[in-house]
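Each of the next two complexes has chain A plus one other chain: chain B in the first, chain C in the second.
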Partner chain A sequence: MPKEGQAQVALSVRWMVLPAVILTLAMVVFPLGYAIYLSFGGGSASGLGVSLYARLFSDPVFWSSLKITLGLFVAALALQLVLGTALALLLNRYDVVRGLVRTAILSPFMIPPVVVGMIAIVVLDPGLGAANWVLQSIGLPPLLWLASPEWSLLVVALIDTWQWTPFVALIVLGGLQSLPGRVYEAAEIDGAIGLKRFWYVTLPLLGPTLLTVAVLRSVDLLRFFDIIYITTQGGPGNATTTLNIYAYKLGFEFMDVGYASSLMIALAIIVFGSVLFFTVLRKKVTW
Partner chain B sequence: MNEFKHPWLVKIAFSIGALLFLFPLIWMALSSFKSPLEVTAYPPVLIFSPTLDNYSELFGRTDFLHNTWNSFVVAGGSTLLGLIIATPAAFAISWHRMMWPATVSLFARMAPGTLFLLPWFIMFSKMGLSGTFTALILSHAVITMPLALWILLPYCDGMPREVVESAQIDGCRGPGILMRIVLPMMYPGLIVATIMSFVFSWNYFLFALALSGFETKTAIVASFNFIGEGTTNWGALMAAATVIAMPPLVLTFIVQRWLVSGLSFGAVKG
Partner chain C sequence: MRFLTVCSVIAIATTPAWSQDAFNWRKHEGQTINLLLNNLSWTPALRPKLHEFTEKTGIKIRVEAFSEEQYRARLSTLMQAKSSDVDVFMTLPSREAPLFQQSGWYADLGPLLKSATNPEYDYNDFSKALRESGVVDGKVTSIPINVEGPLFYWRRDVFEKCKVAKPDFLEDLPDAAAKIKACDSNIYPWAGRGLRGTVGYSLGAFIYNMGGDFKTPEGKATLCLPGTIKGLQLYGDLLRNFGPPGATNHTFTQVMDLLGQGRVAMTNESSNEFPVLMKRPERVQDIGVAVLPKSRETGISKPVVINWSLSVSGFSAKQEAAWYFLQWATAKDTQAFLADAGIAPSRASVFASEKFSKWAAENRPRGEWVKALQEIAQTGSSAYQTPTLSRTPEAREILSNVVQQIVLGQADAKTAACAVTEQVQALQ
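Take a look at the complex of A and B:
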C-alpha cells in the first residue's frame, strides 16, 4: 500500500500487454476460430454442419493415422523417459557433465529436426548407409530401416529418442539434484539401498519432474511432423502417416481445407487432453 | 566405491560414450567433405582427402546462399518482433500478477501448427502477403513471442519492486521505467531470450514449408527440396545439413547454462 507522500497512483502498466494480446488475437485466436468454422463446413458448397466430423469416423486413414500417432507417442515417450532417467542417474553419480559429454548432451536437441532427418536419410540408407555396414561388420543382417513397412515407425521413434533423450536426462538430473538429502539418510537407516532405494524412494520423489517432462514431450510427439515429412513422407504406404502428416497432405496437397481442419481440431483436443491428464496427475503426485 | 578410485577410467568411458552418441553428427560433417564417389562408397570410407567441392557446388550452383540469408532474415526478424512484444508484456504480467495472457500464449505452443497454417494461408492470400517475409516473420513470431515471454517472466519476478516504485516517485512514467529501469536489470534474461528465440525460429520447418515463396525460401525448406529432386547428391545434402546446424550449435553453447530453463518453457517450476 503506498503511503501518503509516496506515489499517489499505483503504477499501472497493464496496457503493456496490449501488443502481445493483439498478436495472439490476430495470429492465434482468430485463426483458431476460422479453423473451427472451416471444420464445420464453413465456406464450402455443402453449408454448415457436422458432416466433416462424421467423415472422420468413417475414414480408415484417419483411424490408422490416429493409431500411428498414439503408437509413436507411447513408444517414444516410454523409451525417452526410461533411457533419460537411466542417463540422469549415471550423470548424477559421476560428475562428468562438461566438455565432450556436455556437447553430446546439448547438440542433438538444439539442431533442427530437419537436419536429423537429412542425416537419417544418409546413415540409414538400406543400400549404402553406414548403419547397415555397422550391422554387417558385427555379423548381423542388414535392415530396411525407414523403408520397412513394419518397422519404419519404430525407427522414427528411435530417431526421436536419439534426439530427445539427453533433454529428458537434463531435466531429470535437475530434479535429482533438488531431492532432499535427508530422505536418503532416512532410507539408508531403514535399509533401503541400491535398486530398492531407487524404486521406493527416488522414483516416487521424481514423479513431478517426470510428469513435467511427459507434458513437454507429449506435446511434441503427438504433433510429430518434421522428421517424417523429410524422410518417409508418411510412407511406406501409410506406415508413418501421423495425424499431423495426414492433415498437412489433405490441406496443402489435396486442398481439402475443411476436412483437414476438422482433423486438426481433433488432434488439438487429443494434445490438450494429454496435457490435462499429465498436469492433473502431476498435482496428485506432488509431495 | 570402487569406480571412484579411477576417475580417469570413468572419464574415458563417458568420452567414448559421448563420441558414439555424436556419431550421426560427426558422420554428417565428415560426409560433407567427401568427394561424390567416396560419399556413396560401400563399405563407407573412413580415410579420405577432404574436399570443399560439396560446399562450392551448394553455394555456387544453387540458391543456397540466398536461402541461408532468408533464414537469417526470418529468424532475426521474428526474434526482434517477438522480443519487442514480449518484453513489455512480461513486465506487465509480472507487475500485476495477471497470468491469463501468459497462459493464453502457451496455447500457441501446444496447438498443432497445421491448425493455424490453413487459416493463415487463406488470410495471407487475401491480404496479398503470400510468400512474403512479413507473413513468415509474423508466423514465426507466434513461436518466439511466447518463448521469450516465458523466459523473461522469472527475471521480471526477481526484480525488486521498490526500485521500480522509487523511479515512479522520481517522475518516471511507464515507458521510461521499462527502458531505463527494467531493461538494464534483466539484460541476462534478454540475451537468453534472444538466442533461444532465434534458434527456435531458425529450426522451425512447418510454417516456412507452407508459407514461403520462391524468393523467401529458407535454407531448411530449400534442403528439403534437394531431397525431393530424386537423384540425391549426398555430399551436397550433408553440406547443407552442416550449414543449417551451425548457427543453433554455436549459439546454444553461448547460453548452455540457462538452456534447460528456457526449453522447459516455464513448465518446470519447483
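Take a look at the complex of A and C:
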C-alpha cells in the first residue's frame, strides 16, 4: 500500500476509535478523576490537601473496616476456591450430575444478591428462621447468626460462599475439561492415582484457572457491599462494616463525601494491588 | 332574559371547580414535576388521589417511591450532584433539616408562601411546633404532612391471661415483661429497635422520662448523665432479657411484623404503623395503644413526636410548579382524605374535625391511637430522639452503637455511654 494510503487508514482508524475513547473518558476517567479530586478536599471549604488521607490513619473505624474487609476476603475466597474445586471435580466425574441437576447446583450465582440477602434474613432470623428450627430439632442450641458480633462476619462469608461457589465450580470445571489427557496417562503409568493424582497433576495444571477465578472473586470480595447492606448494615456494632459499607455511610448518610472518596480511593488501590498480585502469580504458574 | 339566566346557571354549575377559586391553579399547566418519596404509609395512601392534582392544575407528575434506606441513597445521589431531576422530596426535619439547609437542598418556601399561594391555604392551621420544625435559619424549608411518634402498643388479651396489669410507670415494664415470660413462653414480652441508626426514635422517651438528656445544663452534648444512663440501661435490658433474639438487626418493620403476627406482648413503636397493624382483624380486638408510661421516680413523660414534611428542591428548575404540588398535598381536603386511611393529620383543623372524630370512634384502638397522638403532640418534642446537632445522622449511629453494646451484654449503660462523650461532642 502506498504511504498516502497507509496514512489515510491510520487517520480513519483514529476517528473510528474516537467514540470509544470519549465514552471511556466520560464513564471511567472523569468519575475516577473527580473522586480523586474530592478525596484531596476538592470542593470543600478547607481546600486542596492531604488532610483527608491523614484522617484515614487516625480513624479507628477505618482500620477495623480494613481488617474486616481483608478477613472477609481471605475467608470467603479460601472457602470458595476449595469448595468450588471440589464441586467441579464432582460435576466432572459423575454423569448423574448432568442437565437439570447441574443447572440447579449452579443456579445460586444467577440470583440477584439483594434476593440472596432477603433469603438470608428470613432463613437466619434467630426467632423465626428455619436455620434455628433445624438446629433445635437435632438437639443443638439456637444461634444468633447475623445478630452475633462474633459470628456475623463468618455468616456473611458463608452466604457469599453459598452464592458464588457454583460460579467458581463452573470455571474450574471448564479448566478441568481442557486439561490434556496425555498427562494423566503418563501419571497413571508412573503410579499417580487418586489423591496423589489430584495433588501432583490436577491441581498444578489447574493453577492458572484457579488464579483467574481468584482475580475475579477478589475484586468482588474486596468491594463487598450488597449482602451486608441488606442483612446487617454493617452491624452489630461494627462487626460487618467493610470499607465499602463505611464509605457508603460516610458519603450517603453523613454526607462527608470528601472523606468517603479518600476511603474509596484507598480501597481502589487495595483492589488494584490484589489484581496485580494474582496476575503476576498467574504468569508464574503458566504451563 | 330567562334564557340568559338559565345559561348562566348552567355555565356556573358546569365550570370546573378549579376555576371557581380566585387562585389560578393552572398557571403551570403542561409542566411535569418529579416527586421523590419515601414509601411511608402516607405515600400509598395518597397515590389513588394523585390524578386529581393533574386534573386540577394540568401539571403532570412522575413519582419515584422507595423504602426509606433506598430513598435516602437516591436523594443523596441526586442532590449531591445538584441534579434538577427532583422537584419535590420528602424530608424528616428533626433528622436532617440543618444539614440539608446547609447543603442548599431546600428551596426557600417563604417567598412562595407570600406570592404564589392559594388564599384558602391557611399555613397557620399547622401548629406552631410543626411549622417551626421546617424553619431553618429563618427560612421555611418544608411543610409538614403528618404527625407521628412512638406509642406504647400492648396486647390486652395477653396481659389479661397472665393477670398482669398495664404498667402505669416505666419502671414497671421489666416486672410486667418477666411475668408474661413466665406465663406464656410462645410470646416475646417486649420488642424494640436495635438496628444501627434507628434506635433514637423509640429510645428517646426512656431517656427523658428517666430524667435524662442529650446535653449537659451548659449545652455540651453527652450521653453520660445519670438519667440518660438509667434510660439506656432500661431500654437495653428490656431488649436483652425480654426481646426476640437478633434484636440488634431489628427496626420498625421487624418489630411491627412480630406484633402483627401476635408474637410480641409490648413495644414502643411508630404511630405511623397503626393502619398496617389494623389490617389484621385479631389485632383490632386485642391491641391496646397508649403513650409510653411516665417514670415513677421523676414523674416525667416526654414523648418523642416528629413529622415528615414535603420540600421543594433547591436545585429544581420548576420550583413554583413544585410548590403547587405541596399546597395541594397539604391542603385541608387532601389531609382529610388521608386521615381516613389512618394518616395522622398535621393540620389542627383536620385533627379536630368531626369527620376525623367519627373515624376514630369506629373502634377502640383507633380512639386510643388518636388520644395518644393528641397527648404526644402537646407534650412531645423531636429533640427527645437524638442529640440536637448539625450532624444528627452520625449522632444516631453513636447512640445505636451504645444500645447495641448493652443489648449484646458487651458493656453496661454507664461504660458504653460515657465512653462516647468525646465522639458526640466532636459533632457539635
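Operating definition for what follows: the second predicted complex is superposed on the first by the 263 of 287 C-alpha atoms of A that agree within 3 Å, B and C clash if a C-alpha of one lies under 4 Å from a C-alpha of the other, contacts with A are read in each partner's own complex, and residues count from 1 in each chain.
Rule of thumb we're sticking to: a contact is a pair of C-beta atoms (placed from the backbone, for glycine too) under 8 Å apart; a residue touches a chain by one contact, two chains touch by 3 or more.
Everything quoted here is computed from the prediction, not taken from an experiment.
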Clash or fit, chain B versus chain C on superposed chain A
clash
Pick one for A:54: touches chain B only (first), chain C only (second), both, or neither.
neither
Now for A:257: first (chain B), second (chain C), both, or neither, which partner does it touch?
both
Of the two partners chain B and chain C, indicate the one touching more residues belonging to chain A.
B
Between chain B and chain C, whom does A:280 touch in the aligned arrangement: first, second, both, or neither?
neither
First (chain B), second (chain C), both or neither: which does A:21 touch?
first
A:126 in the overlay: touching chain B, chain C, both, or neither? Say first, second, both or neither.
second
After superposition on the shared chain, which partner residues are touched by A:249: those of chain B (first), chain C (second), both, or neither?
second
Have a look at where A:174 lands relative to chain B and chain C in the superposition and call it first, second, both or neither.
first
Common interface positions of chain A, toward chain B and toward chain C:
121, 127-128, 248, 251-252, 257
Once bound in the complex, which stretches of chain C touch chain A?
72-73, 76-77, 80, 99, 103, 188, 195-197, 244-249, 258, 263, 391, 393-394, 397, 400-401, 404-405, 408, 410
Chain A partner contacts - residues on chain B that touch it in the complex
3, 10-11, 14-15, 17-19, 21-22, 24-25, 27-28, 31, 40-44, 84-86, 88-89, 91-93, 95-96, 98, 101, 104-105, 107-123, 138-139, 141-142, 145, 149, 164-165, 168-169, 174, 177-178, 199, 202-206, 209-210, 220, 223-224, 227, 232, 234, 237-238, 240-241, 244-245, 248-249, 252-253, 256, 259-260, 263-265, 267-268
Complex contacts: residues of chain A adjacent to chain C:
121, 125-128, 142, 144-147, 149, 231-238, 248-249, 251-255, 257
List the residues on chain A that touch chain B in their complex, please.
2, 6-7, 11-17, 19-21, 23-24, 27-32, 34-35, 38, 94, 96, 99-116, 118-123, 127-128, 130, 133, 137, 162, 167, 170-171, 174, 209, 212, 215-216, 219, 222-223, 225-226, 229-230, 243-244, 247-248, 251-252, 257, 260-261, 264-265, 267-268, 271-272, 275
